[in-house]
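Chain lettering (A, B, C, D, E and F) follows the sequence in which the chains are written, and residue indices restart at 1 in each chain.
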Amino acid sequence: MRPSGRELNQMRPIEIEVGFTKHAEGCCLIKVGDTHVLCTASLEERVPPFLRNTGLGWVTAEYGMLPRATNTRMRREAASGKQSGRTQEIQRLIGRSLRAGVDRNALGERQITVDCDVIQADGGTRCAAITGGWVALRLAVNKLMKAGDIVTDPITDHVAAVSCGVYAGQSVLDLDYAEDSQAGTDGNFVMTGDSGLIEIQASAEGATFSKTQFAELMALAEQGVADLVTAQKIATS
Amino acid sequence: MRPSGRELNQMRPIEIEVGFTKHAEGCCLIKVGDTHVLCTASLEERVPPFLRNTGLGWVTAEYGMLPRATNTRMRREAASGKQSGRTQEIQRLIGRSLRAGVDRNALGERQITVDCDVIQADGGTRCAAITGGWVALRLAVNKLMKAGDIVTDPITDHVAAVSCGVYAGQSVLDLDYAEDSQAGTDGNFVMTGDSGLIEIQASAEGATFSKTQFAELMALAEQGVADLVTAQKIATS
Amino acid sequence: MRPSGRELNQMRPIEIEVGFTKHAEGCCLIKVGDTHVLCTASLEERVPPFLRNTGLGWVTAEYGMLPRATNTRMRREAASGKQSGRTQEIQRLIGRSLRAGVDRNALGERQITVDCDVIQADGGTRCAAITGGWVALRLAVNKLMKAGDIVTDPITDHVAAVSCGVYAGQSVLDLDYAEDSQAGTDGNFVMTGDSGLIEIQASAEGATFSKTQFAELMALAEQGVADLVTAQKIATS
Amino acid sequence: MRPSGRELNQMRPIEIEVGFTKHAEGCCLIKVGDTHVLCTASLEERVPPFLRNTGLGWVTAEYGMLPRATNTRMRREAASGKQSGRTQEIQRLIGRSLRAGVDRNALGERQITVDCDVIQADGGTRCAAITGGWVALRLAVNKLMKAGDIVTDPITDHVAAVSCGVYAGQSVLDLDYAEDSQAGTDGNFVMTGDSGLIEIQASAEGATFSKTQFAELMALAEQGVADLVTAQKIATS
Amino acid sequence: MRPSGRELNQMRPIEIEVGFTKHAEGCCLIKVGDTHVLCTASLEERVPPFLRNTGLGWVTAEYGMLPRATNTRMRREAASGKQSGRTQEIQRLIGRSLRAGVDRNALGERQITVDCDVIQADGGTRCAAITGGWVALRLAVNKLMKAGDIVTDPITDHVAAVSCGVYAGQSVLDLDYAEDSQAGTDGNFVMTGDSGLIEIQASAEGATFSKTQFAELMALAEQGVADLVTAQKIATS
Amino acid sequence: MRPSGRELNQMRPIEIEVGFTKHAEGCCLIKVGDTHVLCTASLEERVPPFLRNTGLGWVTAEYGMLPRATNTRMRREAASGKQSGRTQEIQRLIGRSLRAGVDRNALGERQITVDCDVIQADGGTRCAAITGGWVALRLAVNKLMKAGDIVTDPITDHVAAVSCGVYAGQSVLDLDYAEDSQAGTDGNFVMTGDSGLIEIQASAEGATFSKTQFAELMALAEQGVADLVTAQKIATS
């Protein structure tokens, strides 16, 4: 039995509130259960030095967690003077994932920075950040297209992510914190709207896992991503 | 005339939503017009080294701004590796202000850290942070008292803050960003519920100001703080 | 009674020794009682990026304290790898204050950096730094004018600062360390030579303060600044 | 055809030279083709604070690259003042992977730090580091057991890693730099000696990948890990 | 001919003003020509961790330069966030040199930190810092002995330093900045009062130097140190 | 008697293996007894800003030690976020020493960075780094000359270094760690192939040293450097 009483293949409720803040070119507050992430997409009409005069655009991401997003207060990274290894790992993942769904030629020489700030955490923050980050990106690109600054849509597909894991011996979808902290194996799956694989990260915690278990996790992920893509469609329609 | 059409002595609409996130001992999202600050109060049953075995408690504050809380994206302080002088100045002000309304003997040897994170900025973020921070602190202390961990209420009075300034030659209450960026003089006033002065910071930007002008700003501030205290009372009742 | 035996409205002895070191364009060692600050003004024929091609000059300040300027040795900021929040707050204040007395158009596209290094501390170091910093700035500008590099004097007025506070229930002028560490309220007042207000920073330490007390502090400050301006005039004549 | 002329499922030559340096409790220089990594295991009779008095041991890893291990010189991380996100990501992976093959109860309250320093890089440095790091760890534990400090062998199985990817449309084993920099998909697989899965990290670079392709990569990895484990056995026998 | 008109073996005028600031246990302002260094010795009744319970004391040094001690303003190290390699090299030298003249057993488990801050620089700042630092140390130890906290004098001899170099083909004593910046070879010699050698650092700048030249420099240094020791004796008598 | 059984004037065995890694323009692994240092020379066709358009080249060096090069593991400098004072002192010494043997005009506007990474330490790492660093530099310059990029050989002479010290009252050549950690005086001597002096650094540890002792150390150093230069010649012939 899952602590939340959910079915093995049941996602938490998904809510995506667009326009939660007013300044960014694209913005949403995504809630996957009690995990709440504010995602903003900021547009700049310039690219990093390594892309100048290539005609290619860039999408990058930054990730943060408010100090009391978690059950006990964590030290503020700005105060400790550096981003943790975990933070850097996550923001690199978000950036890579979103770029996989973007035609950088069509975007042209501009950069979109997606900031994902966790307001409240209950497991799966990096997956929610990718899913919500895509929505913010979509909205920012919509604005560019509406203004006629871009003609061909540079977004090639939806990008969404979900975590699955082996909890109490069972493969389950969309781990919450209670499950995540106990899971024997934990995997994050980033996929496109048509089930193309973008990124897989699966880790044994304690025991190793088998190919069969891994296949179960991947199947669950495919289901979960489908739900997330549906929510993205509703939010951005 | 003010860009927002407000009267010279008119505050922006004030909203305080308590319990916006679930983990902190006290939490509110304060909105003063388009300035939105998430304030959480986190309790620890230990004090900084300089207070050990003194019987005294401590209240401290940290301040941050999400990168796209502002009109153009600012660099994330965690990424640049340090808090700016402005950030440190503000969080020191918030901490001092809140401590002025706390009986640290009655609090006992425990620390409450108030985190104020600006979700959306439109001028006056430090004042909103103090006013909302007090609400988060009040809620955290209420919890301690309800649990019987504290007998005498350590909170001696409301603490709230507002900025006033000389805009287009006129003294006005509660500067928004459009006014703040043009104001000749800008002052932040922190006061208690019974109009005791806690902190005054007034600065000439360009021209100097006179004692008469300063007296006008202080009178406006008193009015504004009264409104803010009323909103605090409603939120925490 | 004040620990030093001074009258309530009596400044400490003020000495300003110009030319204490030889390299800087302007230099003085200011002594306000036992608070000794070495101030140098360094001229550069270029401005920060945000001012290029605006025709405007810039005046900025840095502040430091030698490790054993104080009663117990403090950690050297260069060794700890960053300037404290207090240091940054003070140097921002000095810079703002000095700029308030400068016509940046008349200065032209050049920058003057005023370094204020506390050699010995006994309370009121930031006020002594502003007062002495103005002298260093004045001397550096004199040099520019003498050389014919500037035609119109960019210095519009004297700028000086003093701290006042409520000590043992009485409003007193020019707090020394013994008073400052005990004061219930502590204010720093920066004014021009003709009593224009530039910056007010007043803080309750412990109890709040009333509007009447604040008015007393401001009146004392006006007296003190007059003495400081006289000393500036003698030093730079 | 592969740039190196290897078969699709052919590993580069594997050499493991134990005892390359003399101070560490365990040491080897592992060469997988032109990728050379020096791995040392250092024993300390104490654990990090979070494990004190738990009876559990700890295995952790650090990773570095000499500045000219690569084709063009990279900036020294010690000089730039921080480890890059990539470095941190890799050393976290090595540590997690090695811990998956250790019974921390049997190890007891001691810590083994595995340092993996890349002397020469030609693709797959993180996989070589894991494989060589296990050898260093094995040797250090052998020493502990020989000395009678540990009775039950805490190492539960071999741990080795290999990268596979889709190069020029084909799934290939053990990417070298020429392939890695062109690969459409790139995956790192960490496994135990009996083919248990420890960690999978697969990333699309450009195009997404399909479940079929992923299955091919996993099958190749299983073969490669078997070869690596054989080399580990020879080196530590 | 030397730019200053001095003889080849002539020191600059030496002045040592003790008690220049009031808080430190020992303090002097040393002037060697236009090189002025403020030296303070600060006593703490504890030693660094590696000396606890050894009965041995510690003497350490820190070195700094005010930003405008030099002809053009240098960046403040506290602002740039680290001490330069040059600063660290110098302060390590000062500490080693002073420790060479101290019996750490006789000092007992206490630490004396000697801060050397260059107020004005004209060549030879590290040598002036050692010579003046010894005076500050001597004064601080005198205080300890007078108070009866130490019975046996832990200072075994004078320690002083001077730089010599090959300028315009001639060996000269006590290089000033004009000479130092042109010198072909530059050496710093730290000696005791009875000509014992503590530290020699000699460097070729451009051409190499011969053993004969080196012997000339050493002979000059011996003379110079004798003068410095005389000045130390006068200052501390 | 020396711990190693060597004669007082006997060097440890010297081995220089060129081409230990493949990417650098010049590379060797130098072994002086159990001290092993990997030296690489990296060429860039640009110079630091202060040399642009001067026609002069630059040679610089960086130094590092693998964490377990030593008997007990040292903290990795990249992880602690800065290079120690010792590291900076050593790399500045290596750079200065190598530049003393280079005609920067003949080198032309290009930079060669020599990285010296200690793989295994047993005393005298900075001297081995200079000696091996020269070999790497020589090989890189040979490559430039062979390619016709440089016509006149910019290397004017061999540069090599050795440490000597007073161990158990005797002057000995080429201190190993066992001796170094006990030596009363310790000196590093950098010389050219024809016995020109480049750099001397001698330090008393505990007792001072006399001019006679210093002369003995210098004579031993001359012998040692001759051996090192012979080994350099063999390696680069």
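One rule holds in what follows: a contact is a pair of C-beta atoms (placed from the backbone, for glycine too) under 8 Å apart; a residue touches a chain by one contact, two chains touch by 3 or more.
Labels paired with UniProt names: A, B, C, D, E, F = Ribonuclease PH.
Because the structure is predicted, anything quoted here is derived from the model rather than measured.
**Q** Using the touch definition up top, find the fewest steps from chain A (Ribonuclease PH) to chain D (Ribonuclease PH).
**A** 1
**Q** What is the chain whose Cα centre is as far as it gets from that of chain A (Ribonuclease PH)?
**A** E
**Q** List the centre-to-centre spacing of chain C (Ribonuclease PH) and chain E (Ribonuclease PH) in whole Å, with centres computed as mean CA coordinates.
**A** 33
**Q** Per the centroid of Cα atoms for each chain, what is the distance between chain C (Ribonuclease PH) and chain D (Ribonuclease PH), given in Å?
**A** Measuring from centre to centre gives 59 Å for this pair.
**Q** Let me have the rounded angstrom distance from the C-alpha centre of chain A (Ribonuclease PH) over to the C-alpha centre of chain C (Ribonuclease PH), please.
**A** Computed value for the inter-centroid distance: 51 Å.
**Q** Mark out which residues of chain F (Ribonuclease PH) touch at least two other chains, giving numbers and ranges.
**A** 81-83 - these are the residues of chain F (Ribonuclease PH) that touch more than one other chain.
**Q** Take chain C (Ribonuclease PH) as the starting point, go toward chain E (Ribonuclease PH), and spell out the full loop of chains.
**A** If we begin at chain C (Ribonuclease PH) and move next to chain E (Ribonuclease PH), the sequence is C, E, F, D, A, B.
**Q** Within their complex, state which residues of chain E (Ribonuclease PH) touch chain F (Ribonuclease PH).
**A** Residues 82-83, 85-86, 88-89, 91-92, 96, 100, 187, 191-192, 196-204, 206-211, 214, 218 of chain E (Ribonuclease PH) touch chain F (Ribonuclease PH) in their complex.
**Q** So in the complex, the part of chain F (Ribonuclease PH) that touches chain D (Ribonuclease PH) is made up of which residues?
**A** Per the stated touch rule, the residues are 21-24, 27, 34, 36, 38, 40, 42, 44, 62, 64, 66-73, 76-79, 81-83, 87, 113, 115, 117, 119-120.
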